[in-house]
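In the two assemblies presented below, chain A is common to both, partnered first by chain B and then by chain C.
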Partner chain A sequence: MDKFDFEITLDGERVPARRGETIYEVSERHQKDIPTLCYDPRLEALGACRLCVVELEGARNPVASCTTRAEPGMNITTRSSRLEMHRGVLLEMVASENRDLDVDPLSGYASGEMATLLDRYGARSGRFAGAKSGTSRPDDDNPFILRDYENCISCYRCVRVCAEQEGDYAISIMNRGFETQITTEFEGLLKGSACTFCGQCIQTCPTGALADIKALANKDVPGETKKTRTICTYCGVGCSVDVMTREDKIVGVLPAMDGPANLGALCVKGQFAFDFVSHPDRLKAPLVRGEDGELHETDWDTALDRAAGGFVKANQEHGRESVYGIASGRAPHEAAYMMQRFIRGGFGTNQIDNCSRA
Partner chain B sequence: MTNPSDLDLFEAWRAQPAPLLPLLHAFHERDGHLSEEALRAVSKDLRIPIADLFGTVTFYHHFARETGGRARPRVCVGPICALRGAQKLLDGIDDALGMPCPGRCDEPIPVLDGDRVLCGLAAADLSERPSPLPPKTPDPASECVFAHIRTPGRASLDGYRSSGGYGGLTAALAGSPEALLDVIDASSLAGRGGAGFPTGRKWRAVAEAEGAPKSIVCNADEGEPGCFKDRALMDYDPHAIIEGMLAAGYATGSTRGIIYLRYEYPSTMKVLEDAISEARAAGLVGPDALGAGRPFELCVRRGAGAYICGEETSLLNSLEGKHPFPRNRPPFPVTHGFENLPTVVNNVETLASIPHILANGADWYRDLGLGDHAGTKVISLSGDILRPGNYEVPMGFSLATLLEEWAGGAPEGRTIQAVTMAGLSGGFLAGDDLDVTLDEPSIRSKGSFLGAGGIMVFDDSRDMVDVAHAAMEFFAEESCGKCFPCRIGTQRLTERLHGGGPNDLGDWIDEVNDLGKTMKETSACGLGQAAPLITESLLRYFPAQVTRHVTGDGSSPG
Partner chain C sequence: MSNPLADMEKPDVIFCIGTNMTECHPVAATRLKKAIAKGAKLIVADPRRIPLAEMADIHLPLRVGSDAALLLGMAHVIARDGLVDEGFVAERTTEATEFLEHVAEFPPEWAESITGVDAKLIEQAAQWYGAAERGAIYYTLGITEHICGVDNVQSLCNLVLMTGNIGREGTGINPMRGQNNIQGAGDCGALPNNYPGFQSVLEPAHQAKFAAAYGRECDLEIGPTKVQALDMCGDRVRAMLIDGENTVVTDPDRRHCEHALRSLDHLVVIDLFLTETAKLADVVLPATGWAETDGVCSNTERRVQRLRAAVSPPGEARPDWWAISRIAQRMGLKGFEFESAKEIFNELCSLSPIYAGLDWDRIENSEYQWPVPEPGHMGTPILHEDEFLNGRGIFHVIRYRDPAETISSDFPVWLTTGRRLASYHTRTQTGRSSGIDYLLSEERLEVNPVDVTNWGLEDGGWATMSSPRGSVKVKVEATNRSPLGTVFASFSFNDVPVNFLTGGGYDPVTHTAELKVCPVRIEPA
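After this line comes the complex of A and B, so read on.
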């Protein structure tokens, strides 16, 4: 990766570049901080928002740096009064089509991107006022993904992440022009579509039009939001997550874009199933079934004795092959190892598996 | 005859080139609309995700998804027809829908009724009629593509051959592809669809590109309002286009050709398919089309109503069954075209010029132009002009001569207030700037461009803000929605030409100018780059009409 193929001139400075790199990628390496709204480094560049336009010597119009590959000898300007003027106007245009410019940060990982750029470019002028675009779907009663398209800017990051990262192709682009609308097949609800509720569309949305309903339910929980990097406990893939907490309550989960196993991807469980931690139904002490057929709280020794008794009985009556161990994918490596030792050594059977294989 | 089953349709189309559009049309015709069941079946058979297929179908104007939708008459509400009372006609036809300009501006208002195009000013006198032939030219010696178009029977293979057709190709096939490329280069022929790219250079790039099979795509998606030249060429001289494509195939080593025809030309579809059948029966198309066992296959694919599909990369996506957004360039179609393989995309008029160049020589063609300009250009003239129609003029010809002498000028008692250029895409020319010659350098010096050669004429009775509004509404409706400046900008400009935006004139002008500048310089394709020429030229030529529109002050002089 260290080998460079040629040089280009970037804001007056000769910099090295590799064949196949885009101007945007080279510029990012040199901290040019070019604004974007439709860009997600994980996705194929689309060139829709046009904020990343740069001046290329010899080209009549500015070119989109995200889709234009660096070529030997190119002379690029990433910032000029002309470019900043266009970027400001583009942002004023985008701001003019949405109901809200600011959303709760719990909406999603990238949900503040547009608002941040509006501030950077002083684009909250209210110019270009007119019809708003997008029709929200309050009728979609799924518990995870808010579909508030009145805040949609048609960057198609959701459609692209669904197709390119998740491979679900659950959503697509309907109609044309200003009437463009993100849709499922036949305008149905997400639960009737190919959606797996992985939530990646939420996390790439730069305006919060798609938002995390579970996290937003905690928007009134007091306290500063703290993020803790950890590994999702649901299965053996090892997705990195940033768990958001306020005081001692988990308020939401963000995928770690730099997580080596997931690069920002999560599944429905890792993304949304965090509220068991403080759920009133959560078991905090062992329970055993009494003579009355009901479960009763007890201490660990009693519970473990009862379980051991059951295993011994099964072994005596039906033999060692009557036991089959499935380790929980939520357990760490060490526990999985102990589990297989326990089944193999303790019961003398090779019937041991792990639910992460599924 | 029983209706074909789903399976019949899949078996007919799934192995054909570019199968999605014809398959959708087959279901559309069979069922009268595209039902959910039909789309689910197509999705499964062609392995296109259903959400993608659904979204793509909604992109096109003419695919109906409600029962009986295909049969609903569509009435042109384009800028010229609007002046002739299109709204009244639309209101007078039961269940009718409006549609953007279907390329019939040289006749009364067109109505698309199933597979027929009817024309007339009132519901009672609509009738089906053939495309008008180009009016007689005062200068027959300077015609190229129209040289034989008025010859009766020219559309048949016999008729075409008896007026010299396929002679140029036969001679070219006796020489090398390189020699053919040299002739096209020497002719200085350039793309007649609007972009003006040198045809020889495009062909050479495809000839030299790696990858096979290569394709020749004829762009017959003539969607620019006020342009109807390709329809006349295809209806009356289809073999010229086929011959041009075969020559392109030979020059570039391409083995397959596709004509992408706009939905609104149903009778042309039949003309082209008949001509291809005749050519195939004569061995001109097929396994040995280019001699020595070199094949060339040719088919027509019908669009479904989307202006942007006239943009070549959008057209290619449409052919491939993808969402018809324009692609990012580079890479260009010459290396990454149809199915990501080297592809020539040429306009109908460009291809129709080829047989004449081959028959008469490169020098002959180049010398048809005036001064430094090579060849000819067909101009589609419509609106407030005595003799509308298609005129083939030498490149560099005087606009005033065309308007006043050839086409008879404005109607009695009127004067020409403004004309559009490039259909709508070039915006308006007016006043002293009407003193231009019909070639890119001259027209570009006025901030406009010649493009595909559509010119709409507006006399001094017309409200130019209204005209500009109709134009911008068209662009807004046809904006594909991919890039922000075009998607939002065309909408905002439309609103501002229809009573929206600031009430303060200075603020209004600032907003319109800022929107226009950013659209022009940052839009991803020609649609968004060209649309603001409408407002730019409106402000340049008609500031008083703009003032009146914004401030509501009727006392300002016109």
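After this line comes the complex of A and C, so read on.
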């Protein structure tokens, strides 16, 4: 992977490149920070927004760096006043079609991309009176994915992530030009489509047109959003996630783009089924069975004495083989390890198993 | 898994058997779909027309519980058509002669008579897998939850050994583990036959090593499995500590299971919720949950990853390890003075050869797949590259056996069970996450539309489903996912306790329950 094939000139500097790499990929390695909107490194480049254009010596018009492959000897300029002007105007035009330019960061992983670029290029003038970009679908009552197409810029990232990353082909494009509309088969609700509610479209949308309804429900929770890297709790794939918290409350989940098992992908469970931890049904105190035959709340001291006492008694009256431990397939290593240590170190038996047999 | 998840994008022939991957391991399935988009051929063996079967080039709709027969037929074709990797067989395996003689007796026509799958399809599938450059096998509980689960797995190993589809990128035999840390529970020694790191309890050297570490010598004798222990409740077994498992709902034969737990003198359950199992306990201890607990887990590709706490637990909830170690301390046991997950994980690493090169700090970035035999080792993404664990790969002579219970005039329909995309296990977690009900609010018995008519049922109406152990009422969904004569339900909903019906038999070696096959009778309710 470390081998380079040839050199190109990038902003006056000779830099190495590999066969098959795009100009954008080479530039990224050299921190050129070329602006993009329709680009997601995990997807096949489309070349739709033209924001990533660069000047290529010998070519009359700028070329899209995300779709143009680097070739030996190319001389490329990533920044010039002409390029910056072009990008600024382009952004102003794109922005003119949208109802909101700023969305809550809880909308999704990439939801702030457009707004960030508008600021970088001072492109909030509102000079252009844009046509309305798309028609939102407030009728879609699904509890996960907001479909606010009035903020859609037709970058097709959602359509591509669904097809290329998920292999689901649940969303498609209707019409062309100003009339472009992101939709589903038969223009229906997502529930009636091939959608599996994995949330990948939300996470790649650069404007928040597709947004995380469950996370946005927490937008009024005060405080800064903190992210903690951990692993999804639902299956053996072991997808990496960044849990978003504010003031000790989980407000949402983001896929970890560098998670080795998932590379940014998640399924409906990992993406949306996070709030069980704060459900009122959670046990908050130990319970012990009383004389009345019912379970009653108590403190740890009492509960641990009662728990320990029962094992001591069984051991004394029926021998060490009368105690058995079942470890969890869902709790962390430390739980399973401690369970077997308790049985082996405590009773000298191998009366221990986990729940993999069911 | 013998190979990493990343390898799922690389095979040229994929053989999925007994795995509903798009629903149970969705993100892994996205990687397979990429291989398919690049032109890989997909063979799916499953009684039901699951989403993966819809994508397949060949779907082998075998009768539930007939996997071993299908695999014998495939092995026959591979041998007959000269697709055996002779070099691999000579260098890396043993007992091939007996095996090849054995499979010569089972042509695809015989397999058709048992499985109901067209012999031509069996032949084609075998030829594709046999001729593959990089053939990879993926399986789940559809293979193991049978009385012949071990036979099924060994039958798959036989195919792998015949064709040399192992030890290389994009190949392998890959069980997809169900629960998030079920791999880890095994890694940590929560097994009746192994100490941590899969070190056999029958080996005196291991006994001595753990006696030195724990200050107490352990029996040189394999303990009873959970299934056996439940049978011993009230008799040999009097007290149980159950961590985070809703045994009475997940296990087969619920009545038997509830009775077993009730007959204990002492039951302690650690969990997040007051589950059906916890309700039977004498003491219930509140555990910290996901995003509240620091710790470690292993995924299905043996990747050792850190879990991190992001929020505080509710009330007095404490980590499971804390509760267990404090019970031990109260009993006067020595050596349980642990104060952090880190300390515990590091002790595990010091005692487990497959974790010997790891510690808490080294796993920060999820880089390692065990075995990691010493510090500085890069981990082992692909198993069996040069050698099998015990030297040579052994061929096993497997015979087909009928399931413990087969259909009869009283119970003429095959019931098979499993999971669905939007729910996980007994829904103690997904059922308490908002929005999930929008996708899946109740259990549905999946029945072929022709059967719906023939049995006098109605799509959306109610049916009574019975086995020799009990009956349940369940709503009917007419769907072509179910073949004629076979129905499907999940065990996720407590109000449709399908596991009142299951439990006809167990694998004699692993004691895994035959949850995938249960003859039932279905009548309009």
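Keep in mind that, in the parts below, the second predicted complex is superposed on the first by the 281 of 358 C-alpha atoms of A that agree within 3 Å, B and C clash if a C-alpha of one lies under 4 Å from a C-alpha of the other, contacts with A are read in each partner's own complex, and residues count from 1 in each chain.
The definition used in the following text is that contacts are C-beta pairs under 8 Å (C-beta built on N, C-alpha and C of every residue); 3 or more make two chains touch, one makes a residue touch a chain.
Note that the coordinates shown come from a computational prediction; the quantities given were computed from them, not determined experimentally.
**Q** Mind working out whether A:Phe272 is in touch with chain B, chain C, both or neither, as first, second, both or neither?
**A** In the superposition, A:Phe272 contacts chain C only.
**Q** Is A:Val53 touching anything from chain B or chain C once the two structures are fitted on A? First, second, both or neither.
**A** First partner only.
**Q** Tell me the contact category for A:Ser96 with respect to chain B and chain C: first, second, both or neither.
**A** First partner only.
**Q** Comparing chain B against chain C, which has contacts with more of the residues in chain A?
**A** The partner that reaches more residues of chain A in the superposed model: C.
**Q** A:Thr184 contacts which: chain B (first), chain C (second), both, neither?
**A** After superposition on chain A, A:Thr184 lies in contact with chain B alone.
**Q** Which chain A residues contact chain B in one complex and chain C in the other?
**A** Shared contact residues on chain A: none.
**Q** Going by the contact rule set out above, which residues of chain B touch chain A in the complex?
**A** Listed in rising order, the residues are 36, 49-52, 54-56, 58-59, 306, 308, 323, 328, 330, 476-492, 495, 500-501, 511, 514-515, 517-518, 520-524, 529.
**Q** Could you pull out which chain A residues touch chain B in their complex?
**A** Residue positions touching the partner: 37, 45-51, 53, 61-62, 64, 67-69, 82, 85-86, 89-90, 93-94, 96-97, 127-131, 133, 153-154, 163, 169-180, 183-186, 193-194.
**Q** Which chain A residues qualify as touching chain C in the complex?
**A** Against chain C, the touching part of chain A is residues 141-144, 164-167, 191, 196-198, 213-214, 226, 228-240, 243, 245, 248-250, 259-262, 265-270, 272-279, 281-289, 295, 299-300, 303-315, 317-318, 321-342, 344-346, 348-358.
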